[in-house]
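The structure follows.
Letters are used for the chains, namely A, B, C and D, taken in the order the chains are written, and counting of residues starts over at 1 for each.
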Amino acid sequence: MTLSAEQQIEAFRRMWLIRYFEEAAIRLYGEGRYRGSTHPYIAQEATALGVCAALQSTDVVLATYRGHGAAIAKGADPKAMMAELLGKATGMCKGKGGSMHMSQTEVGFLGCNAIVAGHIAIAGGVALAQQLDGTGAVTACFFGDGASCEGVFYETLNMATLWKLPLLLVVENNEYAISTHVSDAISVPDISMRAQGFGLPGVTVDGRDFDAVYAAATQAVARARRGDGPTLLEAKTVRWSRHSAVAAGGAGGEKADRWKLTDPIPRFRQELIQRGILAEARAAEIERDARQVIDDAAAYAIDSPYPALEELHTDIFA
Amino acid sequence: MRELTYAQAINEGIREEMRHNGKIVVLGEDVGKYGGVFGVTRGLYDEFGAARVRDCPLNEAAIVGCAIGLAIAGRPAIAELEFMDFTTFAMDPITNQAPKLRFFWGGQVSVPLVVRTPIAAGLGFGTQHSQSLEAWLVHVPGLKVVMPSTAYDAKGLIKTAIRDPNPVVFAESISLYSARGEIPDEEYVIPFGKADIKRKGDDVTLVALGPIMPKALQAAEELAQQGVDVEVIDPRTVAPLDIDTIVNSVKKTGRLVVAHVAHKTGGVGAEIAQQVVERAFDSLDGPPVRVAAADVPIAASQRLEQATLPDVAGMMKACLSFRQ
Amino acid sequence: MRELTYAQAINEGIREEMRHNGKIVVLGEDVGKYGGVFGVTRGLYDEFGAARVRDCPLNEAAIVGCAIGLAIAGRPAIAELEFMDFTTFAMDPITNQAPKLRFFWGGQVSVPLVVRTPIAAGLGFGTQHSQSLEAWLVHVPGLKVVMPSTAYDAKGLIKTAIRDPNPVVFAESISLYSARGEIPDEEYVIPFGKADIKRKGDDVTLVALGPIMPKALQAAEELAQQGVDVEVIDPRTVAPLDIDTIVNSVKKTGRLVVAHVAHKTGGVGAEIAQQVVERAFDSLDGPPVRVAAADVPIAASQRLEQATLPDVAGMMKACLSFRQ
Amino acid sequence: MTLSAEQQIEAFRRMWLIRYFEEAAIRLYGEGRYRGSTHPYIAQEATALGVCAALQSTDVVLATYRGHGAAIAKGADPKAMMAELLGKATGMCKGKGGSMHMSQTEVGFLGCNAIVAGHIAIAGGVALAQQLDGTGAVTACFFGDGASCEGVFYETLNMATLWKLPLLLVVENNEYAISTHVSDAISVPDISMRAQGFGLPGVTVDGRDFDAVYAAATQAVARARRGDGPTLLEAKTVRWSRHSAVAAGGAGGEKADRWKLTDPIPRFRQELIQRGILAEARAAEIERDARQVIDDAAAYAIDSPYPALEELHTDIFA
């Protein structure tokens, strides 16, 4: 399966949306427009887009607190996201979730989760429902190298393989869990190797290479739809300078901007131009438009009202 | 009317709901072919098949997590944890996920989840298999917590739990599994948040939770012979709690005893007592009294276990402590 | 005397104990080179090395389990969980193992374990990063639970926790980490089970736990201007609880308010209130009042979060609710 | 390293002690002499003995509720065990632990645990203490096929490998977790395969073959003492008829007595006789003596007093 030119351009556009969304999120945090924290997806854009490009709109995605990228990649609305970030009533979760709990179920984005690995077994359950419903839909679950150390990941790996669930376990290895380097946390060089002990395919790709991610995800999705079960897909990348707006994390000093050397967006841009899919001018226009969408979203979010106090007592019980 | 055991009553309730709603899935350790370590899911595998009655690997966190995934994807899920002590392995899904997802996603999903798990107190299983942990769960907004004490209640409440679009922890009692009760032939459900007055009385209000109910009723009978008329209230659901029924009773009796097999300190007894004190302070003849497990780990040795757990004599003494 | 922040005070306490006792091991996520997500273990790695200050993979259950193993093998262990909400991942080791091993093995081992973990309430981190879960822990016999509210207390109590041959959960407060306090130059420890009267007063007893203390003192100051003299008590350790100091105060004031950032229902407030009611019923002018987080999940949005959490106005109102 | 004749005979003797201990435990349960439950180690004796024969007295063992075998293999006192079973004051844990919590630290038996997999990370911590103390001691942790599904096992596998802990993770694959057959619970045919994803050696041996277990354990111990880290050792066996005195578990019907076909004790007996280490008469005498030790232990336990009520409040805090 190959992507149409249009689809590739849309992926490129969404990469910029993510990048500008995250830059705005950092800026707005600096301005004191919301509290808590935010975990930028900067430098990892190609992974979310590569995976989501392999999915249908009826497929489902779950992600972590570093999940703004997955949300946009799956088609979530940046305005509703930005308002959510600022805790506004117009947010996709009415301001209740904030940065770490974005969700837009109508586009198949079953949300971010602030508990590391807390969503992995849930993703397994969503995939089980898909299997039982027989719709052919699949679930992709994003999580980090750190999350891959939590036991529930292995529990899910075992159950998903045993039950042949239509599940993509996408581990985004950005080398760090806050300050802890993968080499200090994980007993094997590639996280995809974990699959060897569980009897499912484990694949490592360059997470900054859209095409590589897309190709691997397409294979994994096909396998899942065929009923052959899950795939563990490791996307290697380099984390952006900091863990979050609050915590610096370990990639300080010279390492801080290492991600820039392999920034996935210029790389994808170059690819598309070389492929003749995109002209320089159009690329610049897309970038500008994306920035405008995010600027508008930020203005919209800033202008939006805070939730009414009655909202405290809604959405607890159905 | 027929007589069923408490275990059979739960089984029948689940079975009826699974017949009504083809989406429901049961999952847990040994729940399928074997019918559950205590036989509560017996026969469901044969009737509904392996897809809907799923034997899981031994991993509580993933079982409950997976059940949440089913639930938010539109499939009501009933997960079993073999002893309530093992909720410790699933506290993230039970407390950080199930009761919060709907809220932090602004109402975009509902979570029709039932976590069934039995309390084992008093059976000699020792320190790690004897805890009644409802106090942890009532402290978590968004969770409902059910503690049936009779076969009749168990059936009506499990059906309500399964139909509830919200997460429910259904705390059964191993010591009650074989207790028999009359079950109507026709279908019925019991609403959450409605206490049941298991025995009417005017002198003392005795609130008893789940597995201690038979002993509470026994204490009340023995006290009746001594001329003390005890009203025994079964909240049935501790979240939501029907505090009105309890307060109304205390306004009549002026005296409150709360009994549970959970440890005293930090138990639900304190919560119920304080809510009553907040609402009926002037009606109280004296401070509410708690009858509960001593604040020590529960030993395997029968003699020590018995001394740790609340008993009939303890409840009687508490009910009499108000008399001058 | 020097001024240190609450975080620095804990750091100094750990450092001193690690110098005294070469067996002590610190472990957790990011506690080593990075010095902890909130900087509490800063510098320990440099002084004591990677063997004794261990960066762990991201797995709370194994971190606490491993710390218990160290402890029973004779090496006092200090494990960090980055937010108190993540105790959910380590509930088996924290509640089923650490506080029970010594008992069910008949005293053959001791478990010198400290689990350090901070409460995040009020910082906008949202539903899964804002819980104060001490109520779960006080319900478990065999666990000690500490909630320091000042830099001075934090240092004295962490040292006691580390020297204690028993499992201790040390609940810090992120909102207090940068609060400064005077710290004596000479070494000191603060015993467990001894409340501290943070402000003397005759009219109302206000018991405040951990992170809410600064607001409680502010409420007391504002009330003083209105002629209401509040006694503010800091239990410092909620298990063991110095109920005597609280009861003595209530015998003087006749009025009790308990304040904590944890959710109201099932919180420690009910336990403290009920213990006071049990012992000082006749001294009470009215029912104890609880000031706590509303029983709803804690939203990220600042406006909602503020409305959920207890505040100065709420404590003032509670203290005034006794006046006719 | 080979075992002396004396050591092999002692292993043989302890196998009988375990067998008779467990038969007595079942009988005493049937007589209503204690409540709760008991989980017989019958049919698995060769595993505990094979591993413990490879250990020194300064090494440490942790086990599950099915841990009477490991206790006896490590040298625990059957009298104190039997009294513990019956909840007596003379029990090794003063009656507080019962069947599922036996422990005798002075022989390096750091106890049984009633929480499946609850002891695995603890074993990792004990091994870490051994490493830090530099004594060269090692830790062996026994657990079941079911336990190998719990996430904390994988967390420990990763940490132990990363830190090269002196740890033997001995998974006793007796095919069942209560009623659940391994083929319905585990996504790969051999549990030792899990090691492949974690970078430590994984070995499967016939758990009914004392020599095979001993050989594999000896290698693993040597590796651990050398500082090269943990080994995952899978001992395959067939479970005794029932899960416990209470729960039948799945091995009913024809399968119930399948374990008898491969009973490790007659097998080891035959080996020792063939090796010329043991004469028939001596073998019979050892068996008789073992039975006597257990009969005496049962009588002792029955005659022992229950703990005083004051014991409720001791041993909680040190």
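The definition used in the following text is that a contact is a pair of C-beta atoms (placed from the backbone, for glycine too) under 8 Å apart; a residue touches a chain by one contact, two chains touch by 3 or more.
Bear in mind the structure is a predicted one, so any value in this text is a computation, not a measurement.
Chemist: Let me check something: if the centre of a chain is the mean of its CA atoms, which chain is farthest from chain D?
Modeler: Taking each chain's C-alpha mean as its centre, the farthest from chain D is A.
Chemist: What is the distance, in whole Å, between the centres of chain A and chain D, each centre taken as the mean of its C-alpha atoms?
Modeler: Those two chain centres are 45 Å apart.
Chemist: Averaged over CA atoms, how far is the centre of chain A from the centre of chain C? Could you give it in whole Å?
Modeler: Comparing mean C-alpha positions, chain C is 36 Å from chain A.
Chemist: Report, in whole Å, the distance between the mean C-alpha point of chain A and the mean C-alpha point of chain B.
Modeler: One centre to the other, that is 40 Å.
Chemist: Give me the residue numbers in chain A that touch at least two other chains, ranges are fine.
Modeler: Expected reply: 91, 95-97, 101, 113, 115, 118, 149-152, 155, 158, 162, 184-186, 316.
Chemist: Residues of chain C that touch two or more other chains: which are they?
Modeler: Chain C, residues with two or more chain partners: 56-57, 59, 61-62, 85, 88-89, 92, 96, 99, 103-104, 126-128, 141-142, 294, 296-297, 299-300.
Chemist: Based on which chains touch which, is the overall arrangement a line, ring, star, complete graph, or other?
Modeler: Here the contact pattern is complete, since every chain touches every other one.
Chemist: Along chain D, where are the residues that touch chain C in the complex?
Modeler: Touch residues, chain D against chain C: 60, 91-98, 101, 103-105, 110-111, 113, 115, 118-130, 132-133, 151-152, 155-156, 158-159, 162, 314-318.
Chemist: Give the list of chain B residues in touch with chain C in this complex.
Modeler: My answer: residues 85, 87-89, 91-92, 95-96, 99-100, 103-104, 126-128, 133, 135-136, 138-142, 239, 262-263, 265-271, 273-275, 277-278, 281, 284, 286-290, 294-297, 299-300.
Chemist: Spell out the residues on chain C that touch chain D in their complex, using ranges where they run on.
Modeler: 25, 51-52, 56-57, 59, 61-75, 77, 92-93, 96-97, 99, 101-111, 141-142, 165-166
Chemist: Could you please specify the touching residues of chain C with respect to chain A in the complex?
Modeler: 29-30, 33-34, 37, 55-62, 85-86, 88-89, 123-129, 294, 296-297, 299-304, 307-308
Chemist: Show me the residue ranges of chain A that touch chain C in the complex, using the header's touch definition.
Modeler: Interface residues on chain A, with respect to chain C: 34-37, 87-88, 91, 95-101, 113-118, 146-147, 149-151, 177-180, 184-186, 247, 249-250, 306-307, 309, 311-313, 316.
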